[in-house]
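Order as written gives the chain letters A, B and C; numbering starts at 1 within each chain.
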Amino acid sequence: MNDKAKQARDAKERYTPGVIPYAKMGYYEPDYVPKDTDILAVFRITPQEGVDPVEAAAAVAGESSTATWTVVWTDRLTASENYRAKAYKVERVPGSAEQYFAYIAYDLDLFEPGSIANLTASLIGNVFGFKPVKALRLEDMRLPVAYVKTFQGPPTGIVVERERLDKFGRPLLGATAKPKLGLSGKNYGRVVYEALKGGLDFVKDDENINSQPFMHWRDRFLYAMEAVNRAGAESGEVKGHYLNVTGATMEDMYERAEFARDVGSVIVMIDLVIGYTAIQSMAKWSRANDMILHLHRAGHATYTRQKNHGISFRVISKWMRLAGVDHIHAGTVVGKLEGDPAVIAGIYDTLREPRTPENLSHGLFFDQEWAGLRKVMPVASGGIHAGQMHQLIDYLGEDVVLQFGGGTIGHPMGIQAGATANRVALEAVILARNEGRDIRTEGPQILADAAKTCQPLRAALDTWKDITFDYTSTDTVDYVTIPTAA
Amino acid sequence: MRLTQGTFSYLPDLTDAQISAQIEYALGKGWALGVEYTDDPHPRNTYWEMWGLPMFDLHDAAGVMQEVTACRAAQPQKYVRINAFDATRGWETVRLSFIVHRPADEPGFRLERTEDRGRTIRYTLHAYATDKPPGRRYG
Amino acid sequence: MGDAAPATPPGSRRIDLRTLYADSEIGPLLAELDNDLVGLEPVKRRIREIAAFLLVTRAREQLGLSSGAPTLHMAFTGNPGTGKTTVALRMAGILHRLGFIRKGHLVSVTRDDLVGQYIGHTAPKTKEILKRAMGGVLFIDEAYYLHRPENEKDYGQEAIEILLQVMENQRDDLTVILAGYRDRMDRFFESNPGFRSRIAHHVHFPDFADAELLSIVEKLALQAEYRLSEEARVALRDYIVQRRLQPNFANARSIRNAFDRSRLRQAMRLVEIGAEISADDLVMIEAADIRGSSVFANSLPKSSP
């Protein structure tokens, strides 16, 4: 009786028309224990001056779930306490005066099964423009098994991709055809042929190669396939070219993908800018057509790079593993593009492992179980060359596509020689690693030895010996593992 | 023409000591090792003949090398490769595969083109060796 | 490089055996052998001799004296339960630490693992086992069963031939230890001179004396946190005398089984008491727990009740 009376009084207070703090509306529950089926998110919040961090966290929880700015009586027609997202933990970011990590739990039924568009409309819908927070970043998510199971995932996955390509035990090698723009279809195919004949497994269209006046997409597909098949005949290997099927509409993309399939390509490519729904459509199409699906992350750095605002790339990686791509560009550590080693390690694990345990020093805030979803092959691309082969393999492992664009096509002895240099360097480092040698320290010697019987590698090592991109990363981890004294 | 399938085809042919070291690496990972041979080098020829069953529970490369040696002796004019199979959940596939013997002469492949609708071309890869019946290829 | 070292007369080059011994880390293995195994003095002596021989072989090699790949195959003879397998395991460790085998594992087999049931079955089976043993020690228990002189077409002969070939040609790859009863092994070697000539070391494992068997039980009890009462000790002595007379006596193995069964009887006794019991009760094996054995029932013609 007493309880009932109290409930009635609470409800009266809660639903009195007007504006009350989000925390009071039930979006902050410090005692809440997340359920196994909850979707969890951790946001980095920078509250406006004078805004209490707990209230800011509750506001984020509210705005990314059921709330609006004022009290609405229609909440009372729902089991609203279930639908409210709950900020259950708010902590100051280590070493920061103004940033907080807000942990928020969402009930599974807030989301449509198998739809990244629906998930993101909630989580990054309105809330990122919300005034009480100066800046907001979605750092990480825990996707429950019940939710993971509603997604198809990668159409092919690392295991089947390797079996289909008959390539095991080493990273795959690729290159982006250069120059990015302006080549005719026939000239473009020449670049593809030379690189594949020299020893690469894949060549790639660049993200903005679609169907421009200098080269319509059908021209490109036809000449690229001539190159792929010729190089296959010269080597006895399965070769591929990522035919970029990105287009203005889904109809265009399906038309291009179907043509790629009909001319015998093993792989097609899309850009992240086509949007989550289009990506899921292409994933479904690829599964139905035995196609490897390569995703170029065009545009991501506009919202992943700055640490205080946007979405971390590890979250994008999780979404893309759900949505279903086979390849995704995920950083090189040593190349020309952004990439802190610890952050990259966390992202690579997210893409490749059957489960990833919480590991704050790699930026992983939650245990994540992938429930049999296939593995995504990360792609390392941008400003890397043969002389870094030992570092790349040491950081990134063997289940990765290493793409040397300039490092192949810019080789002083030609594209074939550039490709051969990369392949020989790759095989030599893997051979040495398997023999138990420490490639991190002995790498330069291993490469120099391999170059004794490979002139193109010698030339590559000489040309790019001092090229490194040593800048501080902007996206770094907040928790540093301090090695305990041995 | 040099068939460049396998993990180490761009390096000079591996010596037996190098092959042993790779086998030791695979054994250290707990992978099972199989020896396979073929005289049909087509990249889509997935099922090479097995030289006996894959070898499980070995501790040392010598046992595998014994089979490699025996297979080379019995099939001197064919390709021989070693596959290392990983039975771990989530992999359950080959993790390392490399050629350890090849025929003296490798004639390579002919690329056959058939013109199709529009400017489309259908491609077929044809190994010259397979012009002859099995067992009589490669001299 | 051609930097000619000043010629040292071969006889004056030196090597420190103690360093070699320490580096090989076989000391702890030999100490374990001493401490863990009760009795077996002649065996321990032989193992030390073999270890010393191997160490000297290594030293000779390092000074460039001819040694060749030494033959290391061995025969362990003795009755069941005299510690042959246990010592073989230690031997694998010693051979490994001195670098005579690469991995140091032991693969223990009997005839059934090597010999097949039909034509063409034996060679693959034997080779499979040999491949598994590569880098380690192949321990063939009751090796004489490989040879069945009464059956000319026995497939065992095929296994023997493969084994002999590997024992001769792949001495670097594995060491074979043949084990079994002494008399049967002697006969086996007589009819298979090929084996006899390839065995470098014969080690005989004598039966355990009564007192040794008793201390084996005490050691087991200590490890398992049990104690024997004075009366239990007396009972155990009687037990050993009786058990030895009965068929299938297997030295340490029989006595270990007897101890395990006495634990079962102790447990039953305690449960039947049903009252509150102390930790001491849980630890103590009493005479009744030993005397309950059927060994006594069968051997002592007691007056029926």
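The rule is short, and it goes like this: a residue touches a chain if its C-beta (ideal position, glycine included) is under 8 Å from a C-beta of that chain, and two chains touch if they have at least 3 such contacts.
These figures come from a predicted structure and were not determined experimentally.
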Pair exhibiting more inter-chain C-beta contacts, A-B or B-C: A-B
Centroid-based (C-alpha) most distant chain relative to subunit C: A
Geometric centre distance via CA averages, subunit C-subunit A, whole Å: 58
Subunit A-subunit B separation of Cα centroids, rounded to whole Å: 34
Distance between chain centroids, defined by C-alpha means - subunit B, subunit C (Å): 43
Subunit C-facing residues of subunit B, complex: 52, 55, 57-64, 66-67
Complex contacts: residues of subunit C adjacent to subunit B: 102-103, 105, 124, 127-128, 130-136, 170, 173-174
Complex interface listing, subunit B residues touching subunit A: 1, 3-5, 7-12, 14, 18, 21-22, 25, 41-44, 46, 83-84, 89-98, 108-111, 118-123, 125, 127
Complex contacts: residues of subunit A adjacent to subunit B: 159, 162-163, 166, 168-170, 199, 218, 222, 225-226, 229-230, 232-238, 262-264, 354, 375, 420, 423-424, 427-428, 430-431, 434-436, 450, 453
